[in-house]
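In what follows, structures are represented as structure tokens.
Consider the two complexes below, in which subunit A is the common component and subunit B and subunit C are the respective partners.
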Partner chain A sequence: MIHHLILRVVAKLLIPYILLFGLYVQFHGDFGPGGGFQAGVIFASAFVLYALIYGVEKARQVIPDAVLRVGIGLGVLIYGGTGVVSLLLGANYLDYSPLAHDAPHGQHIGIFAVELGVGITVASVMATIFFQFAGRSERDEED
Partner chain B sequence: MILPHLPALQVVVPLLAAPLCVVLRRTAVAYGLAFLASWAAFAISVLLLLQVLDSPGGVISYELGGWAPPWGIEYRIDPLNAYVMLIVAAIGAVVITYAGPSVAREIAEPQRYLFYTSYLLCLSGLLGVTVTGDAFNVFVFLEISSLSSYILISVGATPKALTAAYRYLIFGTIGATFYLIGVGLLYQMTGTLNMADLAQRVPPLAGNRTILVAFAFIAVGVGMKAALFPLHIWLPNAYAYAPSVVSAFLAATATKVAVYVLIRVYLTIFGAEFSIAGMGIGYVFMPFAIAAMFVGSAVAIFQPDVKRMLAYSSVAQIGYIVLGFGIATALGVTAGILHLFNHALMKGSMFLALGCVFYRTGAVTIESMHGLAGRMPWTTAAFVGGGLGIIGVPLTAGFISKWYLVTAALERGWWWLAALILLSSLLAIVYVWRVVEAAYFRPAPAGAPAGEAPFPMLVATWALVAANVYFGLDTRLSVGVAERAAAALMGGGP
Partner chain C sequence: MAATVFMIVRLRSLFAVVMLSGIYSLLAAVMFVVLDAVDVAFTEAAVGAGISTVLMLGALALVKSEEKTPERTAILPLLAALVAGAALVYGTLDMPHYGDPNAPAQKHVAPTYLMESVPKTTVPNVVTSVLASYRGYDTLGETVVILTAGVGVLLLLGGRRRRRKPGKEGE
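Moving on to the complex of A and B:
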């Protein structure tokens, strides 16, 4: 493993910034380019990089399959749940206007929640897909 | 308070139950959620149908997200989609009631919660296709239902289920893409995706080449999803190798919804005048429909696997449905829509009965059904009940659809078509009789497994058989709504 030293150090340096950039794209999505989908992919790429350098098993310890599975469902629930909240507030499904004291703020909060849901689900799905494929090659080598 | 939001809830309830299944994971919890969501969807569809029939214009419009159509996505429900929605949701509720023991028998424990998740997604996708009034939204929901149905098929017991699912994936994706290309071309010409708005803007452009190309692309794309002969090649294997529950569910709903899209696109968006009088769409579809009736039934006769036989029979029955559309009169379209309903009941009950057979004997070949009448009397009787409907014996729902089809053919003076409908029904007698002969007149092999399937499975199967008989006697609901839907479609506007 010693000859991977540079890779390991650089990866360790990069990963926090990748995660941070993912969060930036997520939360800045309503002012600039970005949004939940892109942010989710960037966020997941940090875990992919970690798995490439340190191995899939270690990456799975960092983010267990159970967490990913909950993330996949949770994101969709946040998205759909936002719509249910607007239903309960008396508006149409996914009408964000009543979520705050006035319509523009309500729309802002609604989009924010929905994009957060998208981000969580996309990140979890991306990581799961990578782990499934990467885990398969490891299993095949054992055979 | 909840009544005005039913159109959204129709999709949202199963759609949100699906991720909950993933998060909660326990098989029992997932099944409970799927059960509740499916029955809730059924209740909503009944309420929606009643609302539509009561409303003065016969149309309910719901603005998703509060954005007014034609800019926002509109859920628009008229008698036609309320009717198709009722079929899908009713079959969904019956199938989920049946599913417990059957899924436990056929699908490995760690996969079961994901199975119910996919089932819920498929249900919400199919309901979404029918509820929406937005041409692009149809594509989105079509993909939701298709992707989840590939998963549902691929978990079948044999490795062949994987290739069957893969083939369906290829065909389904091509079909959906063709549909999308067609919608894209329409959007290019009109700048709108809302169906009601398209219906206003497309007819004046009739004869424009882009519109004609869109017309053709959608015909092929939706034809693939509906498994219209000769685009049906994916269907027999997909239905034969899928788990029993999935075969019953998809056979009774998925192709029906695709045929609904066909009717909706050609009679609402393009309009009856342009599609039928201008483009002669009836004459385009009719030869394929007639070929489906004969080829599907003829191939079904030679299948050793009964499930595969039913799949080919489905190809033939889709032929009858499209034939009604091809006759292209109000009565013909009524017959097509009516057969959509009746075929879902008949084929659903037959596939469910086969699932009971598989549960007990582990096989569904003709040989494995020798002497079945003595071993599983209720299941066999249910299968025969559905089979009588497929043949079109009086007092079953199948008779009513055949009656309307023949009447519609005679109304146009096409006595040869009426003769063809009756002739192809004779083929149905042959393939149903093969099973009857094996089950009632052949001795059971020694040591063959005996005993009825678990109670929930029998109840669900018989519920569909009973409905099959009920709608053969009391046609107020089935024919009444179909007539209203056809009148609205053929009378011009949506």
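Moving on to the complex of A and C:
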């Protein structure tokens, strides 16, 4: 199953574009449909595809569990931290207006930051869940 | 969509059921596009049809791929489902028509969002500004829910590997 040449080549061609599309959806969410949730899922699906074709162990080498675990927490931390920053700047929690010199710019930066946090958490959680499920069935086969 | 649901209920092969639920999500995404809710459609297509189908297949690899046939037909659950369904359909009779400008959903905060969000945030996609700015608390909560899901899966499935490494006995 690991040796399908066509699948491997096609996956290798597709994965960079999936990652790029994920980033586009992430950072273009202000202007078109999309945002952190969708981008996170698309980003994770690139790793899922890699794991499906090359095996979960290889994918775990590409993106180690420790990185994913840090990512799960980091995203929420970025989100919550944005709120704390706006608290420190004298506004309400998660009010982004004081983050820049004028309110619309601050809103832009705030939305960008929280969407980034959402994206990181969603991508890490999705990849983690898949690795746990798929990795477990592969381990069971080894026994 | 109704046909897909009927097949999901009838079929006993879990692989086909997973595939059909993916198709169901894709159809739901199409429906959201028809309703002009592109962001929701995007999410439905990516999460419902994409990643959850893959996750279901991953889970399917761990269990048997045939659903057990129930020993007796369940009359009471069927009755309960029918009554609940009828009550829901009865509830929709009172709902305002699609696109009705006097519907409560159009009167409450939606006009404020639509009028104010672009000048205030200069973000052209109102969905994003409502989601991240006006409704920032809700979205923070959603992110924490996802975090909890990830932590839960790690706790349930992640520990086993560590237990196995020192000694291969057990289980």
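Convention: the second predicted complex is superposed on the first by the 140 of 143 C-alpha atoms of A that agree within 3 Å, B and C clash if a C-alpha of one lies under 4 Å from a C-alpha of the other, contacts with A are read in each partner's own complex, and residues count from 1 in each chain.
Please note the rule applied: a contact is a pair of C-beta atoms (placed from the backbone, for glycine too) under 8 Å apart; a residue touches a chain by one contact, two chains touch by 3 or more.
In this text, all values refer to a predicted model and were calculated from it rather than measured experimentally.
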Exercise for the section: Would you mind checking whether subunit B and subunit C clash or fit side by side on subunit A after the superposition? Expected result: fit
Practice task
For A:Ala91, decide between first (touching subunit B), second (touching subunit C), both and neither.
Solution key: first
Handout entry: Which partner reaches more residues of subunit A (counting touched residues only), subunit B or subunit C
Key = C
Exercise for the section: Using the superposition on chain A described above, determine whether A:Ser45 touches subunit B (first), subunit C (second), both, or neither. Expected result: second
Practice task
Pick one for A:Gly81: touches subunit B only (first), subunit C only (second), both, or neither.
Solution key: first
Handout entry: Partner chain in contact with A:Gly29 - subunit B first, subunit C second, else both or neither
Key = second
Problem - Angular separation of subunit B and subunit C about subunit A, which is computed from CA centres of the superposed model and rounded to the nearest 10 ° - result: 60
Practice task
After superposing the two complexes, find the smallest distance in angstrom between C-alpha atoms of subunit B and C-alpha atoms of subunit C.
Solution key: 5
Exercise for the section: Would you mind listing the overlap between the subunit B footprint and the subunit C footprint on subunit A? Expected result: 69, 72-73, 75-76, 80, 83, 93-94, 96
Completion exercise
Seen from subunit B, its contact residues with subunit A in the complex are 1, 5, 8-9, 12, 15-16, 18-23, 25, 62-66
Handout entry: subunit A residues touching subunit B - in the complex, by the definition given at the top
Key = 69-70, 72-77, 80-81, 83-84, 87, 90-97
Problem - Interfacial residue positions of subunit A with respect to subunit C in the complex - result: 25, 29-35, 37-38, 41-42, 44-45, 48, 52, 65, 69, 72-73, 75-76, 79-80, 83, 93-94, 96, 103-105, 107-108, 110-111, 114-115, 117-118, 121-122, 124-126, 128-130, 132-137, 139-140
Problem - In the complex, subunit C residues that touch subunit A - result: 38-39, 41-43, 46-47, 50-51, 54-55, 58-59, 61-62, 119-125, 127-129, 131-133, 136-137, 139-140, 142-144, 146-147, 149-151, 153-154, 157-158, 160-161, 164
